[in-house]
Amino acid sequence: MHYTLGELAQRFGLELVGDASALIGGVCTLSPGHEGQIGFLANPRYRSTLGQTRASAVIVGRKDATALSGNGLVARDPYYAFAQVARLFDASKDFAPGIHPTAVVAVDAQIGEGVHVGPLAVIEGGAIVGAHSHVGPACFIGAGATLGAACRLEARVHLNAGVTLGERVQIQPGAVIGSRGFGNVMGPKGWEEVPQLGSVVIGNDVEIGANTTIDRGAIDDTVIGNGVRLDNLIMIAHNCRIGDHTAIAAMTGIAGSTRVGSRCMIGGAVGINGHIEIGDDVIILGRAMVTQSLPDKGVYGSGLPIAPAKDWRKTVARVRRLGKLEDRVRAVEQHVGIKGLEDNDDATDDAV
Amino acid sequence: MHYTLGELAQRFGLELVGDASALIGGVCTLSPGHEGQIGFLANPRYRSTLGQTRASAVIVGRKDATALSGNGLVARDPYYAFAQVARLFDASKDFAPGIHPTAVVAVDAQIGEGVHVGPLAVIEGGAIVGAHSHVGPACFIGAGATLGAACRLEARVHLNAGVTLGERVQIQPGAVIGSRGFGNVMGPKGWEEVPQLGSVVIGNDVEIGANTTIDRGAIDDTVIGNGVRLDNLIMIAHNCRIGDHTAIAAMTGIAGSTRVGSRCMIGGAVGINGHIEIGDDVIILGRAMVTQSLPDKGVYGSGLPIAPAKDWRKTVARVRRLGKLEDRVRAVEQHVGIKGLEDNDDATDDAV
Amino acid sequence: MHYTLGELAQRFGLELVGDASALIGGVCTLSPGHEGQIGFLANPRYRSTLGQTRASAVIVGRKDATALSGNGLVARDPYYAFAQVARLFDASKDFAPGIHPTAVVAVDAQIGEGVHVGPLAVIEGGAIVGAHSHVGPACFIGAGATLGAACRLEARVHLNAGVTLGERVQIQPGAVIGSRGFGNVMGPKGWEEVPQLGSVVIGNDVEIGANTTIDRGAIDDTVIGNGVRLDNLIMIAHNCRIGDHTAIAAMTGIAGSTRVGSRCMIGGAVGINGHIEIGDDVIILGRAMVTQSLPDKGVYGSGLPIAPAKDWRKTVARVRRLGKLEDRVRAVEQHVGIKGLEDNDDATDDAV
């Protein structure tokens, strides 16, 4: 499939620079770029590649428009415009409706119009699959689970009985939605199970990554808001609530009953304690250790970054003798007769 | 299904307060609570909700019995009593025996009495499935693997050939038991595989979470004791041994050949080094970095908790110049003529 | 299957000590060891077990040859020699060619000679499976994906459409190769998807662990070099490139567009930032937080190791008042009239 540069400009309301009849058949990176394809420039670091790219056109922001030496499209947000253009060339989600003969679909499951059910998928009794949804190979939809319209379960997705998805929810392979919450109580002979009677409710336009797990609630539901983006290998424990349009990068874990606000951006491999609250618009940098509530909007981080191992070992030793260093400073202060600030040596920190 | 409050009191040996004929049809949270259902109060923080709940009865501890304004059950451990009551209303594990026609079961597999084998499960030759076990959809039981009685593989669980489960083991979707241990040796042309000839042996009453992986041993077996609780996305490497009744929260990883004692409680996203020993009754707080053996019972933690990013960056810079700060303190000590404590600046820390 | 010790010595070019006719039927650990089996000694810590083992022979290095009290094989690298011997007793990869009747294989998929396709595997149109490959139960091979010769997909492996594997690639259960990269752009109504049009290209002799995920590239491909070893539950984000013979332990995550050199060794649960470069031969210790490029060969680490919780809490408090401690030292310096080193209190650290 090909589009002229003029067609693309018109379709997405972008400003055309150069040859309107240039044919675009795909997208490419700027360096080296491919003839017949279109690239984009969003990061000023790569500005110098503009002159050398083999791409037949480049999408740029307004401040880079004058740097264009060939054909281009000028956009307010070049990355957003690129995403729109790229979608024209993405056939990966096309599918033909129909139920594969090897799928195991309960007679009382409700399958909407235009739905695709792939090979070896299992859909149990009372489940509802909204119109134009795609249920990929080997997916499992438990009894009474509900999918809104135009959902896409890529492949081998597990939806436990009773789980509810809104519309246009996309889930990558291996994700498990509605596994048993980790509720245990010590009984006379060892751990006993606390039944997990809640479910998982997922809003509209949510994306969930590969091998991510979301546990069902203990009594009430675990809730994922509209427009949430979850990357791969994330753990959302029982009873959590994630606010609308929050994005979470891979390998982050959120312990039970924590609430995360709307429009948060949480980096990868962050660990968030249970029973706390993260406010709206909070940004948490990757690998942070979140032990306490963060009610206020802002950017947060933690952790000691990488160093050569011999420096790291010295740093660890120095941190361990910080108490002694404080003692030495106090001794010097007393010796010279100045009053030091209080160092609260015995105070523990409630937050950790 | 409904029970009178009097029936519940009698069944579980609890003290009845109020109307013995009150009908209970489920469990609820205290706030707001639901009529016809029973809640519980274990955390004193929520004591004030007792007066406002719509729940028809509340399970409380002895010290909260006088605060009950309506119907209730008084228990020594209200959370444990709640778990018992909640189990009456949990139908999620009911199943009908039988082998689904799409399951692929080897003729020489031994399937016990009352077993359920779900659609598209695969059970290979020589495998033994104990009586009254539930093998959910798309589970895989490798050649010669053994399940004790009353196990429950929820769905899409992978048991490698030769893996052994005790009785009443429950495994959530996506877990992989018996994957190849990460044994590699550098040969003349690159990494070569060290065969992993051991297996995984799992005791009775173990629970394993979604997408958790347990590698098989290199020569001997990886061993999970009785009553162990493993949450989601955990990694147990080859040759590890986990003692009875130890509970481990999500995303914790244990490197090869480490031994963990009995009755330990290990938080989420903890990283535990290989070839070390954790004693009995050790408690490790979430996100800790365990580089060395912890033979002694106790509570352990590590890590720098979250801070506003600008404070965090300053902290990182200060930690990095700790060596200079020690030099400055030493210079002051020499200048004023007092003998500081030895600061061992060049000592490295053997533990890391 | 049994071998005489003499046969083993000849086959692998090892020096024989003792009875050439001793029959070896398997491998064992040294302690306690098993009669009729062979163990190995690589770690000097276990040297004392040589005299007590019940093993019928032991593979040792040259410096331990004189400590042998019974039969043995002397090798330059005893662990490597052990791996070679152990492979003789590893039947776990034997398979019979053929396509299981329950597999769903597209008519236009190309299945090479001697290939095994297990029950309930799905192979889509245009896929190519190289000769003598093993496609285990419930694996999915998407449209146009390509496997070189002698690959082994253990079970339930997901290869997205278009993914390319070299020869002798081994993948453990639950791994997902080619899931959608986490590319999102904020649009007027919330996050919108940036199409991920690249794929994943994997070299020869690669091993990938259980439940690991490798996302496909946004425009170009995510690339895994020859001989790479990836353990379980690893995340490789879109556009990453991992150099030849690099080994990465479990639970490590690498964010998007990062390049890792050749022959690196990266420990478990390491977090690596996006858009950075790790050079060749870099060793990163477990749990490290890699925020910046590491161009130079060397050993790197980070993190504060475990301590008793009460000490840990004091350490956290002390680190938090490091700024005050610097102020106190500066005050003392001024008081006694010596010029301290500059402490750059307001400097932030660019690296984090």
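Labels A, B and C are assigned to the chains in the order they are written; within every chain, residues are numbered from 1.
By definition in this document, a contact is a pair of C-beta atoms (placed from the backbone, for glycine too) under 8 Å apart; a residue touches a chain by one contact, two chains touch by 3 or more.
Quantities reported herein were computed from a predicted structural model and do not represent experimental measurements.
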- Query: In terms of residue numbering, is the interface formed by subunit A and subunit B classified as same (over half shared) or different (under half shared)?
  - Reply: different
- Item | Degree value of the rotation bringing subunit A onto subunit C, based on Cα positions, nearest 5 | 120
- Note on the structure: Between subunit A and subunit B, the Cα-mean centres are separated in Å by 24
- Mind pulling the residue numbers of subunit A that touch at least two other chains? 102, 120, 138, 156, 174, 211, 233, 251, 301, 303-305, 307, 310, 312-313, 316, 319-320, 322, 325, 329, 332, 336, 352
- Contact residues on subunit A for subunit C in the complex? 26-29, 77, 79-80, 82-83, 86-87, 89-90, 92, 100, 102, 118-120, 137-138, 154-156, 170, 172-174, 205, 207, 209-211, 226-227, 229, 231-233, 244-245, 247, 249-251, 268-269, 286-287, 301, 303-310, 312-313, 316, 319-320, 322-323, 325-326, 329, 332-333, 336, 338, 340-341, 343-349, 352
- Message: Show me the residue ranges of subunit A that touch subunit B in the complex, using the header's touch definition.
- Response: 102, 104, 120, 122, 138, 140, 156, 158, 160-161, 174, 176, 179-180, 182-187, 189-195, 197, 211, 213, 215, 219-220, 233, 235, 237, 251, 253, 255, 271, 273, 284-285, 288-292, 294, 298-305, 307, 310, 312-322, 324-325, 327-329, 331-332, 335-336, 351-352
